[in-house]
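What follows is a pair of complexes built around subunit A, which joins subunit B in one and subunit C in the other.
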Partner chain A sequence: MRSSAVGWLFLAPTLIILFIFGVVPFLYVLVIGFTQWNTFAADPTMQFNGVENFRRLVFDTPFLHSLWLTLRFAFFVVASEIMLGYLLAQLFMRDFPGKGFFRTIHTLPLVIAPIAVGATWRLLTVPGLGPLPYYFRTWFGYDLNIGRYVDQAFMMTVVMDVWHWTPLVTLTLLAALSSLPKEPFEQAQIDGANRFQIFWYVTLPMLKPAILATVFIRMMDALRTVDEVWMLTGGGPGSATRYIGLYIWRVVFPKTDYGYGSAMSLITLYLTIVMCWLLYAALVARRDLKRVEA
Partner chain B sequence: MRKPRPLLSLAFWIFSSLVTLFPIYWMFVVSAKNRVQLFGKPNFLITSFFTENYTRTLQDPAFQRYMINSIVIATSNALLCTVLALLATYALSRYKLAGKENVFFWTITNRMAPPAVFLLPLFLLYTQVFVVGDWRMFDTRIGLILLYCVFNLPFAIWTLRSVIDGIPRELDEAATVDGANTWQVLTKVILPLARPGLAVTGILTWVFAWNEYLFAATLTSVHARTITTGLAEFVTVTGTNWGQMAATAMLTLVPALVVLGIAQRHIVAGLTFGAVKE
Partner chain C sequence: MDEIARKPERRGFLPIHTNGFDRGFIAVVLFVAIHLFWMRFLEQNVPLFVATILSVIIGAIIVARG
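And then the complex of A and B:
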C-alpha cells in the first residue's frame, strides 16, 4: 500500500545532515582515538599507537575523578528537577488567578542561554559584588565563597542547573498530566482511595513513560553540561567542578593532546549511550506491553 | 475535594516567581550601575539608571553583527529542523520501514555526545575538508546552521513523534480514499493538526540554536560570531567588565522573551494537544 521508498525519501535529508555533521566527525574521533597526536609534543605528527590511550585512561585519576563528579552532578540535578518539576506541574493543574502569567514566569529560565545563566549566577556569587555571599555572611555568619570551597562550588552548580532546567521538566510533566484520561481518577475516588493512594497507584503508573522520557532527556544533557559551569566556576576550585566536558575540552584545546582527548571522548560517549540505552529499553518494554494489552 | 484557597495559592505563586526572577532581576540591577555603585553592600534599587553599559554595547558594530548573525542562524536552523523533522516523523510514524525504531533511537545518539567530543574533528573539517576554492565552512553562518541540526533535529524528531503518532491514521486513510496523494495528506491533513506541536518544536529549537555557545566560539572567528560568544568575551584574564557583561546578557534575553511571549498561546495549545484523543 505505502511504498517504503517514499518513506526513506522523507527521511533522507535528515539522515544526510546527521551523517555529514554527526557520523563523519565521530568516525574522525574514532580514528584519532587510536593515535598519538599532540601538536605541541616533540613529534607533532599523527602516529598509530593502538590501545595505548585507553590503557592510559584507566589509570588517569583526574579523568576518573571527573567522571565520578559528572555522575554525581547528573544524579543530584535530575533527582531534584524531577521532584520539583512534578510538584510544580501538579500545582499548575489546578485553577488559580493569573495561571498563564505565572506559567510564563516559570518558563523563563528555560529560554536563557546557558552562558548567560552562568554569567547570572556568577554575578550572584562573586564575593564583594554578589548578594548571596553578602547576606549569607551578615545573616548566618556563613562564608559563601565558591571560588574557595569545594562543596559549595559543587552545590552551586547543582542549584544553578536546577534553576535553569526545572521548567523543562514542569512543562513536559504538565503536558503528560493534562493528557491523562479522567476516568481512572474518578473511579479511584469513588472507590474511596486517599490522595496518596491515587498518586501511587493511579497517577504514577500512568505517568511512568513520561517521567522516564524526561529523566532520559535531562540525564543526557546533565552529562554533557559545559558552558554554564565553565562560566560560573571555570571548573574550579581546583578540579571540584571539572565535569567531563570541561576536562575533555582542556585536554583537547589548551593541551592539544588530540589523540588522548579523542580516546576520552569515545569512552564518555560510550558510557552515555549505555546509560541512555538502559533507560530507553525500559521505555520500549513498557510501550510493547501496552500494545499487547490493547 | 478540599476547599480552594485562592489567597494561599496566590501567595505561593508570587513567592516562587520571585525566587525564579531574582537572578534575572539582579543581572538587570548590575547592568544599570556603574563600577563604583556595584561594590559594597548589595543595593537592589536602581536609583540612577547608568545607561552606558547598554549604549556602549549597542553602538558597537561588532555587537550589532553578532546580534544579526544570531537571529539569522537561529531562525534558519529552527525552520530547517522543524520541516525536516515533520517529514522524518511522518515517515517513521506511517511507513513500514526496516529497522525504523533503530533509526529513531540512532538520531538521538547524535545529541548525546558531549559537544567537546565534536569540537576538534569539526574544527579540522571546517578549516580543511569542507573547502571549495577560496570558500570554506569555517566562520560561515551556513556552517553553524547545518551543524546545529545535529542536536536540534533529534530533539525535534523526538518531540514530534508523539504528536504525529497521536493523529489518528483513519484521517490519512480517509483522505487517501478521497484521492489525496501523499504530499496532500501531509500538507492538508497532518500539517494543520500538528500545528501546535510544530510551533512548540520550532520555538524550542530556535531557542536552543540562539543559546548555543561552544561550537559558535570554536568554529567562528569574525564574520559568523554569535551573541553568546560576544557575551563570554567580557570575561578576560585581566578581569571582568561586570556591567557590560550583564547588559549584554540582558540583551541576549530580549528576543527569547519576545518569542516566548508570542508563543505562550501556542505552547499551551501544544501542551494540551496530547489531551485530544480519538
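And then the complex of A and C:
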C-alpha cells in the first residue's frame, strides 16, 4: 500500500502536466466544437449551437474533398515509406563500402524542419528557376509544373513527404531487424525455405510490431500534414493539395471561425483514432483470436 | 500451493478479445459515426434524437455483451 502511494507520488508531476497540456486543451476544443464563436464577428461571444457545426461539416463539399485528398495522401505516403524504409533497412543490414557515410546522408532529412523541407522542394520545383523542371524537360521532354498540373502537385507532395520521413521508418525497422534472433532464419534455411518464404513466414511476423508502430506514427503524421505542403504548393493548384490541416487552418485563421474549425479538428482526430484502431484490430487482435482458437 | 483463481474466459459476440475500455471505446466510435451518418443522409426524414436512442441501445449492447 505504501509503495503504491509512493508510486503515485512520483507519477503525480507527469500526470498533472499531461492533464494541463493534454486533457484540458482537448476539452476546450471539444466545448468550442459545439459553439458558434468568431471573435471578429459582430457578436464575438461564444454561443452554444448544439451539433450545428457537425451538421454543416457533413454537407461541406470542400471539407469532404479535403478529407478524401488527405486519406489518399496518407495511403500513398505510408505505403511508400514502409516499403522503401524496409528495403533500405535491409540494405543497411549488409556490409558495403561507405555504409556509415550513406547511412548518415540518408538520415539527414530527418533533422530538417518541415518548413525548410517545403521551402527546399519549392525551390527545386519552381519552373524557370528550380533544377527539377529543367532536367525533366531536357532529359525526358516532360513539362513539370506543380503550379499548373493537379496530379503533379499531388505526387510532388507525396515525394517530398517520402523523402523527409523514410529515414525514420528505416531507422525503426533497422533497429527491429538488428534485434531479431538468428536461429529462426538458420532453421528456415536448413528446412529449405526460399528467400520469399523466409521473408513472409519468418521476418514479417517478427517485424510486425515494429511495422505497426511505424505505420501508426506515420499515419498520424500524414493526416495532420500542414507546413511542408503549405510551403510547397499552398494547397494548390486550386484545391488539389488542400489537405485537411490546410483546410482547418484556412477556416480558423483567415476566417476566424473557431467553432467550425474545432469541429473539423475533432472529426479529424476521430478519424485518425478510428483508422489506427481498425489497423490494430485487423493485425494484432486477429492474431490473438487465432492463438486462442488454435 | 495455492492456485491463482482465474475468471472463465469471456465470450462476447465481437470477433476480438476486449476489455471494458475497448467495448466502451467501440460504443463511442459507433455513437459518433451513427450521428454523422444520420445527419448526412437521414435527418431530413427522421429526427436526430432517434439516432441518439439507437446509438445508446447499440452502445449498451456492445458494452454488456460484446
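Brief remarks on what is shown
Keep in mind that, in the parts below, the second predicted complex is superposed on the first by the 273 of 294 C-alpha atoms of A that agree within 3 Å, B and C clash if a C-alpha of one lies under 4 Å from a C-alpha of the other, contacts with A are read in each partner's own complex, and residues count from 1 in each chain.
Convention: contacts are C-beta pairs under 8 Å (C-beta built on N, C-alpha and C of every residue); 3 or more make two chains touch, one makes a residue touch a chain.
Bear in mind that the values here come from a model prediction, so they are computed numbers and not experimental data.
Using the contact criterion defined above for the overlaid structures, shared-chain residue A:59 touches subunit C, although it does not reach subunit B. When the shared chain is aligned, subunit C comes close enough to touch A:51, but subunit B does not.
Judged by the number of subunit A residues each one touches, B leads among subunit B and subunit C. In the superposition on chain A, A:141 contacts neither subunit B nor subunit C. Of the two partner chains placed around the shared chain by superposition, subunit C is the only one that A:274 touches, whereas subunit B remains out of contact. Residue overlap on subunit A between its contacts with subunit B in one complex and with subunit C in the other: 273, 277. Those residues of subunit A lying in contact with subunit B across their complex are 2, 4, 6-11, 13-15, 17-18, 20-22, 24-26, 28-29, 32, 88, 91, 94-98, 100, 102-116, 119-121, 123-124, 126, 128-131, 134-135, 163, 171, 174-176, 178-179, 181, 217, 220, 223-224, 226-227, 231, 244-246, 248-249, 252-253, 258, 261-262, 265-266, 268-269, 272-273, 276-277, 280, 284. Considering their complex, residues 51, 54-55, 58-59, 267, 270, 273-274, 277, 281, 285-286, 288-289, 292 of subunit A touch subunit C.
Residues 9, 15-17, 25, 29, 32-33, 35-36, 39-40, 43, 48 of subunit C are the ones touching subunit A in the complex. Residues 4, 6, 9-10, 12-13, 16-17, 20-21, 23-24, 26-27, 30, 38-39, 41-42, 44, 84-85, 87-88, 90-92, 94-98, 100-101, 103, 105, 107-122, 124-125, 146-147, 149-150, 153-154, 157-158, 182, 207, 210-214, 228, 231-232, 235, 242, 245-246, 249, 252-253, 256-257, 259-261, 264, 267-268, 270-275, 277 of subunit B touch subunit A in their complex.
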